[in-house]
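Chain nomenclature is as follows: A, B, C and D, assigned in order of appearance, with residue numbering initiated at 1 for each chain independently.
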Amino acid sequence: MSSWGNAVKISIFGESHGEGIGVVIDGLPAGEEIDLDKVYLQMARRAPGKDKAATPRLEKDIPEILSGMLNGKTTGAPLCAVIRNTNTRSGDYGNITNAPRPGHADYTGFVRYSGFNDIRGGGHFSGRLTAPLVFAGAVCRQILNRRGINIAAHISSVGNIEDERFDPVNIPDELCERLSGAVFGLIDINREEKMRALIEQCRLEGDSIGGTIECAVTGVPAGAGSPMFGGVENVISSIIFGIPAVKGIEFGEGFNASRLRGSENNDEFYYDGDNVRTRTNRHGGILGGISSGMPIIFRTAIKPTPSISVQQNTVDLDAHSDTTLNVKGRHDPCIVVRAVPVVEAATAVAVINILSEVHML
Amino acid sequence: MSSWGNAVKISIFGESHGEGIGVVIDGLPAGEEIDLDKVYLQMARRAPGKDKAATPRLEKDIPEILSGMLNGKTTGAPLCAVIRNTNTRSGDYGNITNAPRPGHADYTGFVRYSGFNDIRGGGHFSGRLTAPLVFAGAVCRQILNRRGINIAAHISSVGNIEDERFDPVNIPDELCERLSGAVFGLIDINREEKMRALIEQCRLEGDSIGGTIECAVTGVPAGAGSPMFGGVENVISSIIFGIPAVKGIEFGEGFNASRLRGSENNDEFYYDGDNVRTRTNRHGGILGGISSGMPIIFRTAIKPTPSISVQQNTVDLDAHSDTTLNVKGRHDPCIVVRAVPVVEAATAVAVINILSEVHML
Amino acid sequence: MSSWGNAVKISIFGESHGEGIGVVIDGLPAGEEIDLDKVYLQMARRAPGKDKAATPRLEKDIPEILSGMLNGKTTGAPLCAVIRNTNTRSGDYGNITNAPRPGHADYTGFVRYSGFNDIRGGGHFSGRLTAPLVFAGAVCRQILNRRGINIAAHISSVGNIEDERFDPVNIPDELCERLSGAVFGLIDINREEKMRALIEQCRLEGDSIGGTIECAVTGVPAGAGSPMFGGVENVISSIIFGIPAVKGIEFGEGFNASRLRGSENNDEFYYDGDNVRTRTNRHGGILGGISSGMPIIFRTAIKPTPSISVQQNTVDLDAHSDTTLNVKGRHDPCIVVRAVPVVEAATAVAVINILSEVHML
Amino acid sequence: MSSWGNAVKISIFGESHGEGIGVVIDGLPAGEEIDLDKVYLQMARRAPGKDKAATPRLEKDIPEILSGMLNGKTTGAPLCAVIRNTNTRSGDYGNITNAPRPGHADYTGFVRYSGFNDIRGGGHFSGRLTAPLVFAGAVCRQILNRRGINIAAHISSVGNIEDERFDPVNIPDELCERLSGAVFGLIDINREEKMRALIEQCRLEGDSIGGTIECAVTGVPAGAGSPMFGGVENVISSIIFGIPAVKGIEFGEGFNASRLRGSENNDEFYYDGDNVRTRTNRHGGILGGISSGMPIIFRTAIKPTPSISVQQNTVDLDAHSDTTLNVKGRHDPCIVVRAVPVVEAATAVAVINILSEVHML
């Protein structure tokens, strides 16, 4: 299903090479001022061609808002934004029809939809469908900002080249602001050159590279989320895996916690004035599924773009035989860069639902 | 929320030291024979005291089935199973009331429920609440088995000691059967001794240790799952994070894929007779959120038990001041062992929903 | 599905002649004092044998609370209540197995569950399953009462004998209190004798009779509910039709409004001090799906008990031939009487969800 | 919430005088051929100005399909249709802002959305929002038709003038076909003149009149629907009350059943060849919430259009004082006529979900 959420529901539609893509956001509080320039900024961060490390395909992702806003404010009715599809070269994807691209949803989509799905450009599975998600997140983010909640993500690694990590107990608003506007978001901007060099090398080789994204949410009060299946981790992961190429997620110390002793992993509580805080934050701001008031921090693993230029073995679904494939078209050698604002957006949609559930919005 | 699922919904209730715990399973197909001995076997795997590496607290987790079964078969009506609470020593948890245990949900639960939650033994946040989840999973698993689907998990690591990984393209039924009945589940049983030694060392030091669990699902046909937020990864992760202490999940190569090139990570398709398969399975059986017909494989990170005997700093919520805490009571030095059947169970509940959505059940 | 609700979810389980029936209520606010005696009073109103117009079958519907309450208050964890089945005479239903009772769910349940459903006493379709619904409603009702919201229903007709209607603009608290404790709830108690006489006549003839129930909710502030499918009417009707034998529902003037002119049906607004009210209340407290602040009023149609003693034609599902049936057992000649507290209970569960959605709880 | 459904979810957006309105339909089976001319026919039936009894306001409701269809067939991805708003005269609604129209959602919407909702033309509460619902229903209807399921509704009454009722045990396909294409749908077309005369009289008096709509669904196999809250009645009513002005719904004999004896109301079963049928159909094709295989039949009450030309008392929300209102603009004196295809459409969306739940689609 391409819809998500309880209190604030998003319903995303569209195929890469169809008429248009977009999103309906149902359940937004009324009277919220939405600065569309800020929304477009978020969409520009995700758009291809903005950054030299990304695909040169040009999208004019200017969304048209059909409903749900009046005089710059939300009306409380469902907000629908549509983005027209233009500048698409279907020809590039010609031989994919019968020869599913390894690592892509071509084959599984074919089976799921009995061959009736629109495969041009990946159809509904295309990374382009993250544009309406970024739109939705950009709207929710502004509502959250107004309540003191910031969301920021950065490229925590490309291949084996790592950025610094967030200081999990102290994430300044300025850093959040800088990252949430960045095109190539890094905590330590000195790592950019090395990362770009690796990405460029992959491009030259017709190959691609994966990476990880670290995301932080500050300002969430303690007490949000519910036990068991309504936990903050459950909710965030259930939307984050909707971003193409995400293959893993970990909160706080995550997989590293599996190697630690309890005495190393536990975060001790203390009073900081009237507020209970923890001196360390290996729990990533979540205990028992419920926010602790510390920053919520998670990392997500992004696989390398499956579209690569090198020849690959695959099958011919018509001929029922093995064949080879050379994927043409222009592709990001590293989608991690553009996935950063998508992770932030999905997180914003998650957090607005989490807060709404406990009447904190 | 302590309920989960669309087609087959589970609703888990209970607190560690209340009258009882249990689960309602709504939406099971009718006429399914359920072998209760096999269900009890699964519950025994999770129960404390069954394995010397686990807590000595004895639970007699014999569930009573109140509804939904007749003559050994499901009736189609909601199946409710209740497990009575016995042998609980509330006294052990005496000083926790005002002094939240680091790493536990004591503090977040206190805030979430304004101090009205039942904190004895962790209340609704207790690991004991995984018993009804195992029950539900054991029921679903039998229904899946009948359709050729097997689920098996093993301790893939305790601290830095690792088990072998599944061969992701070839997981024999015998291995699944062995693992899904094991108390200390390992692919390479020769690693047991070293793992147990580490766990025992932690126990002696009043400390604990984390680990990872790898889970495989075989026999799921291609084409199950939905794009975006209805993907197999979304669905599985949204239930798996309902297991206490889970802090991360990765599918297929997961975080390792973030370090790979596309040419290394892509899995090439080929025809194996009439079936499309991949020669490798770094995608973990899921592409674009939809099953590929290859085994579904994921790993989950379990943090070390937060209940440790060493003195820890915390706060006194009544006195509004810092204090120290010595957690008493008997605790697992490594919950990974007992979490293995819980991961399998949650996966069974997830898979039965995934298949039902696409009318494959 | 036997579960319902978003913010406060109920999951009802059990079969008439199984081990037990009950309900899990997930999402209740924590710290709410629940007076169990008041809960039992509500259950007693529904229980058979309390009133001479009802079936003499004796149920000891004393629920056991397994979880979710501590020291008389909700803990915020799922509240589970179980009612044991006792005093059931399966023999009475002997010949129903293959010969579905006209007007009952015997045949449709047989098809739905491929013959595996527990048919004894109606199984999961039994009116007995309204006992846990009354329990859930009695809990929710106390939480609502504390916020100034009252729910009261009465027998508005039995056959052609009608009670008075609520004055839709003025429903005093005392009337609500009287009705919500009554066993044979009438606004004009002078009608009781005539109604009882009709019911008794039906009993003597081995027949049954239908009726209607009118329900009012006072104290709901304006602004609750959502447009289109989230309207108060949608939400209330979706739970009310879960009560066996309900075949219709109408809000405010309902079907009568279909015969009126706009000038007759519109309710004019006026200021009553600072409050906007309507001088009449043909809209039943709901405009555009959203509460107006006036009492919410609806009527529901209850069909005559299908279990009657007179011989009826039916089919033999085994023999694939027509046959006749004499239903034995003790049955209510008029379930309307006992359905009154059930309608109130379902309404309480609906209203607590409606208010929670708009953060009014 | 303006979204509805589980297996097939619709999400409706738009305001009467905004940029556009539309719907996203998520979960449609792939490969279903959709004849758009038939879809437009349904939309034309609902459109104003098609019938002289309806408002003369002209809408060019030609939907643009942005996604979810390729080569005339569904792709399985969400189908989005957008209808542009044109020919709107906001001026007509000028004085409504502060003076809520009696019988409308102006006041309740104002409170619900703190005055930020778009009130022009009723905004999101406008009857115009039924256009995308008709679109969605027209798509679902074609999928159902292909499986032998027909849906037809007619004007069963306008004021006190009644049409014939469906013969509940025998609804010929030809009648379904005729009604589902009719603009002024009647079983007995000889009643049209009298009904039109009454409507015209109301128009001349600046008044309006209510009515009822009877709807039938044929071809639904026995065994669809679920007990308690998943019943066919629950599901249908929860969407039907999303149609503006609906104030009541009854299935089969409905409210009339409340006046009957069990011996009069029960429908006896018999074998018609190999099929179990009932000789009468007072149960409206539903027993215990589950379809019996007989036609599903329900009636719904439509209140008179609240927009009338005669002067009415209301309040001035700015001045906090009483005032009077003369509603201008062109309004249907009887929306029942145009609501007929809307009821059919909502029913189609309901039925496709009901069948999908039990894997009958």
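Here are some notes:
As a convention for this text, contacts are C-beta pairs under 8 Å (C-beta built on N, C-alpha and C of every residue); 3 or more make two chains touch, one makes a residue touch a chain.
Just so we're clear, the structure is a prediction, and the values are computed from it rather than from any experiment.
Distance from subunit D peaks, on a Cα-centroid basis, for B. Taking B-D and A-D together, the pair of chains sharing more C-beta contacts is A-D.
The centroid of the Cα atoms in subunit A and the matching centroid in subunit B are 26 Å apart. Once the centre of each chain is set as its mean CA position, subunit A and subunit D turn out to be 39 Å apart. As a whole-number value, the distance joining the C-alpha centres of subunit B and subunit D reads 46 Å. Of all residues in subunit C, those touching 2 or more other chains are 1-3, 12, 77, 112, 124, 227, listed in ascending order.
Residues 6-7, 77, 227, 356-357, 359, 361 of subunit C are the ones touching subunit A in the complex. On the side of subunit D, the complex with subunit C involves touching residues 1-4, 12, 100, 102-105, 107-109, 111-112, 124-125, 129, 157, 159-160, 202, 207-212, 222-231, 233-235, 237-239, 241-242, 244, 246-271, 274, 276, 278-279, 283-284, 286-293, 301-308, 310, 312-315, 317, 320-322, 336, 358. Chain contact summary for the complex, subunit B toward subunit C: residues 1-3, 9, 11-15, 18-22, 24, 26-27, 30-31, 64-68, 70, 73-80, 82, 112-118, 123-124.
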